[in-house]
Amino acid sequence: MEDNLLLQINNISVVYSDVIQVLKGVSLEVKKGQIVSLLGSNGAGKTTTLKAISGLLKPENGKVTEGSIIYQGRPIHNSAPEEITRLGIIQVHEGRQPFKYLTVEENLRVGTATRWGKPYKKDLELVYHYFQPLVARKNRLAGYCSGGELQMLVMGRALMAQPKLLLLDEPSLGLAPFLVREIFEIIKRINEEQGTTIMLVEQNANMALQIAHYGYVMENGKIVMEDEAVKLRENPDVKEFYLGTATSGALKSYKDVKAYKRRKRWL
Amino acid sequence: MEFFFQLMVQGLSVGFLYALAALGFVMIFKSSSVLNFAHGELLAIGAFIFLVFSVRLNLPIPIAFIFTLAGTFALGFIIERLFLRPLIGEALIEVIMLTVGLAAMFKGLLLVIFGGNLFNYPDFLPKGLTIQWGAVVIQPVYVASFIIGIIFLSVFGFFFKYSSQGIYMRSVADNQPAALSLGVHVRRVFALSWAIASLVCALSGIILGIMNGINVHDISVMGLKVFPVVILGGLESIGGAIIGGLIIGLLETFTGGYVSTSLKEVIPFVVLVFILLVKPYGLFGLVEIERV
Amino acid sequence: MRKLRFHPCGNYKESYEEELSIFTTDFGRLWTGIGLILLFVVIPAISNPYLLYVINHIGIAAIAAIGLNILIGYTGQISLGHGAFFGVGAYGAAILSTAVGFPFWLSVIGAGVITALVGMVFGIPSARLKHLYLTIATLAGQFILQYLFVSWESLTGGPMGIMLPRATLLGFDVKGDRSFYYVIFVCFVIMTWIAVNLMRTRYGRAFIAIRDNDRAAEGMGIPIFRYKLLSFAISSFYAGFAGGLAAFYIGSITPEPYTLMLSIEYIAMIIIGGLGSIPGSVFGAIFITSLNEILSHTTQFFMNIGVLTKVALTIAPLREFIFGLAIVLFIIFEPRGLAEVWRIIKSSFKLWPFSY
């Protein structure tokens, strides 16, 4: 196995409640120090993939039934979330889930749960360094913070755990465009400065592919396309369906027909 | 006027007792949002375990005390493991009903083992603790309970506010999935909160027993009195539990002293309904933050 | 004539009315008919007075349990005050029939109405409170009512209680277990029929919507406070009605039985029977009442054997223990109660030998 491989997912199937199959043989690889983005429409199974990695399927009655997830050479599928987080995999849930009744700083301190008892002052400073606006909100209840602040809070909270692999689920959800830019800027900086490997699930394919090194496209519980992010950005299919930047105008041209055929090819 | 002061002192002592009893309740609620209807029975179990160690086995008081605390700590773990662990993630009503069932179970068990009689601890508190202030006399029990209470209340207040483990416990009560995703050991938090709560209950139970003697029925009624106290103070607030306890204690004693003794028992509940209508989250409770 | 249907082999409903119908097959109708014949012809003919006495208590408990299930199982509002509501019904019936001089049937219905009003008073906090807090409010209601039973002596007779006049209905004397049996079970059938049908109306659906997600229900235009209050009223009406029947059946009332323990017994009934299931409430009533009888008989049995009298005295509190245990075991192992067990048995018969 290559040395710089951090996470390897081999052909996993995930079934909820013993009946509903969501992932049908997903394989992907994450290299150390990279940002890998996972694109796809709603219900494609992106979030489920993340949960399969972080072990959070179990509370939702989901299970990895086939295949394996290898992290740093050891299988982690169907391990308890407590163990997986202690290996350095931290997931940031979609839709910003703060601890509403804890102050911002207390929220950040929960992030130290995986290494309870160790000093955490430095990490706090680091988080405040990346997420400046949080400093002013330090002692405010998280329930009363704005959406942008909350996104920073939940990401900062995850950063407190000193993750090796950070799983981000739709960090841009419901944020103003300039905030999205800022958040992605920070993600990129964290990756470059801290060397944190990041797996990014996004609807905003444009932003995601700008900062990612590698990208996967999911559809209906399967990976349908994968490539370097730069190449994906140039791929006509991705352009058409995810970036929305395909050459417009010339409506009833032959090109559209071709695009339609292309779609048929991988559904 | 003397009568008034005597009542006042008595009321404050009773109130303090309520506050102490409420503490374990607030602990469980803070960390797992479970409304524990078996609270009175936990108090009684603590009191009886101490009785067994100190009177039946005739151990020295400090050793009996430490054994009791250790025993109830373990008991809390066991209760959580056996009964509450299978229900993690189930609906609230089922968890509440489970504690109602546990209450009936424990009470029946205690009655089978010890019967419904009144028991007393040997008199072990030093007489020097008595405080005399004019005609008003404060019994050593009350002084001792006050000291122990203050120590424990501040320890737990500090624990929840500043210690990492305390913050983890609050985070679990707040948002379980998020806590799980950050690696908080949720099951351990639940077990720990039940263990600590059961320990605190034992402590309050022992003090109760010293004051009024130990009787299964009386102590389990005490567990229900906790509700007005915590509602008045706000379910999540330890400070609120203290103030709530004092207010309810005073109210009860004054009603008993000036109005009628039978009304005394029910007045906390009348106040409770009134509070719920006017200020549903209590004096210091957290207002539910609902964002859609 | 329309085609008779016996076994549904899947969901073939074609209209909304079909979806709402009580009996999905004519088999169901047949069984109901057989059940009614059993209930009104066979059981009274073969039972001895003691058995009838137990069955009567089951019937009364079942009416109250159905009411409580409407509140807890269907609307999702937990009440710990139903023991006291039952007591309000008993006192209501006693006072109406003695002080006001109402006849039997009017007293019992009046008792239901009074209890419904009282229940609504304690339901008012539900305007602002949810789950936990509301539960505590009803707990307070339990204690306040219990206090009133004992202390409002001019009205309730204090600890002495009230003697009720003999019940007469349509000129007949209702006395003895057998005649009460018919009265109780006619009431039971009517009340069950009302409850089952209520759940098919907009009111029933609103209740369920509130239970499942009150905010969403409010968003869909259901005035939740009004419906919660209505649910409290209906549920208390059932409890009060049952209480009134019980008061007449027993003949005299005292404040002792209507404690928190009774409330817990009723909750145990619907949890063991099955939350949100009308047949479940009946199963639960049968289970708890029989358990009660069996336990008190066992104690009695030991009591009569001279050597074991002491044992009997110590195991008397075991009743409470077994109660608690039953609740705990059901919640952990079969949270949907006996109704679910029944469904599993039925479907395994239906599907045999090809389960799945």
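For clarity, chains are labelled A, B and C in written order, and residue numbers in each chain start from 1.
Everything below uses one rule, namely that a residue touches a chain if its C-beta (ideal position, glycine included) is under 8 Å from a C-beta of that chain, and two chains touch if they have at least 3 such contacts.
No experiment lies behind these values; they were computed from the predicted model shown.
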Partition of the remaining chains by touching, absent chain B: A | C
Per-chain Cα centre nearest the global Cα centre, belonging to chain: B
Centroid spacing, where centroids are CA-atom means, of chain A and chain B in whole angstrom: 44
Between chain C and chain B, distance of the C-alpha-averaged centres to the nearest whole Å: 33
Computed distance of Cα centres, chain C from chain A, in Å: 52
Chain A residues within the chain B interface of the complex: 54, 56, 59, 81-82, 85-86, 90-93, 97-102, 106-107, 109-114, 116-117, 141, 143-144, 154, 157-158, 161
Of all residues in chain B, those that touch chain C in their complex: 35, 83, 86-87, 90, 92-94, 96-98, 100-109, 111-112, 115-116, 224, 227-228, 231, 235, 262-263, 265-266, 269-270, 272-273, 276-277, 280, 288, 290, 292
Chain A partner contacts - residues on chain B that touch it in the complex: 89, 164-165, 167-168, 170-171, 174-186, 236, 286, 289, 291
List of chain C residues in touch with chain B within their complex: 72, 76, 78, 122, 124-125, 128-133, 135-137, 139-141, 143-144, 146-147, 150-151, 215, 260, 264, 267-268, 271, 275, 314-328, 331-332, 335
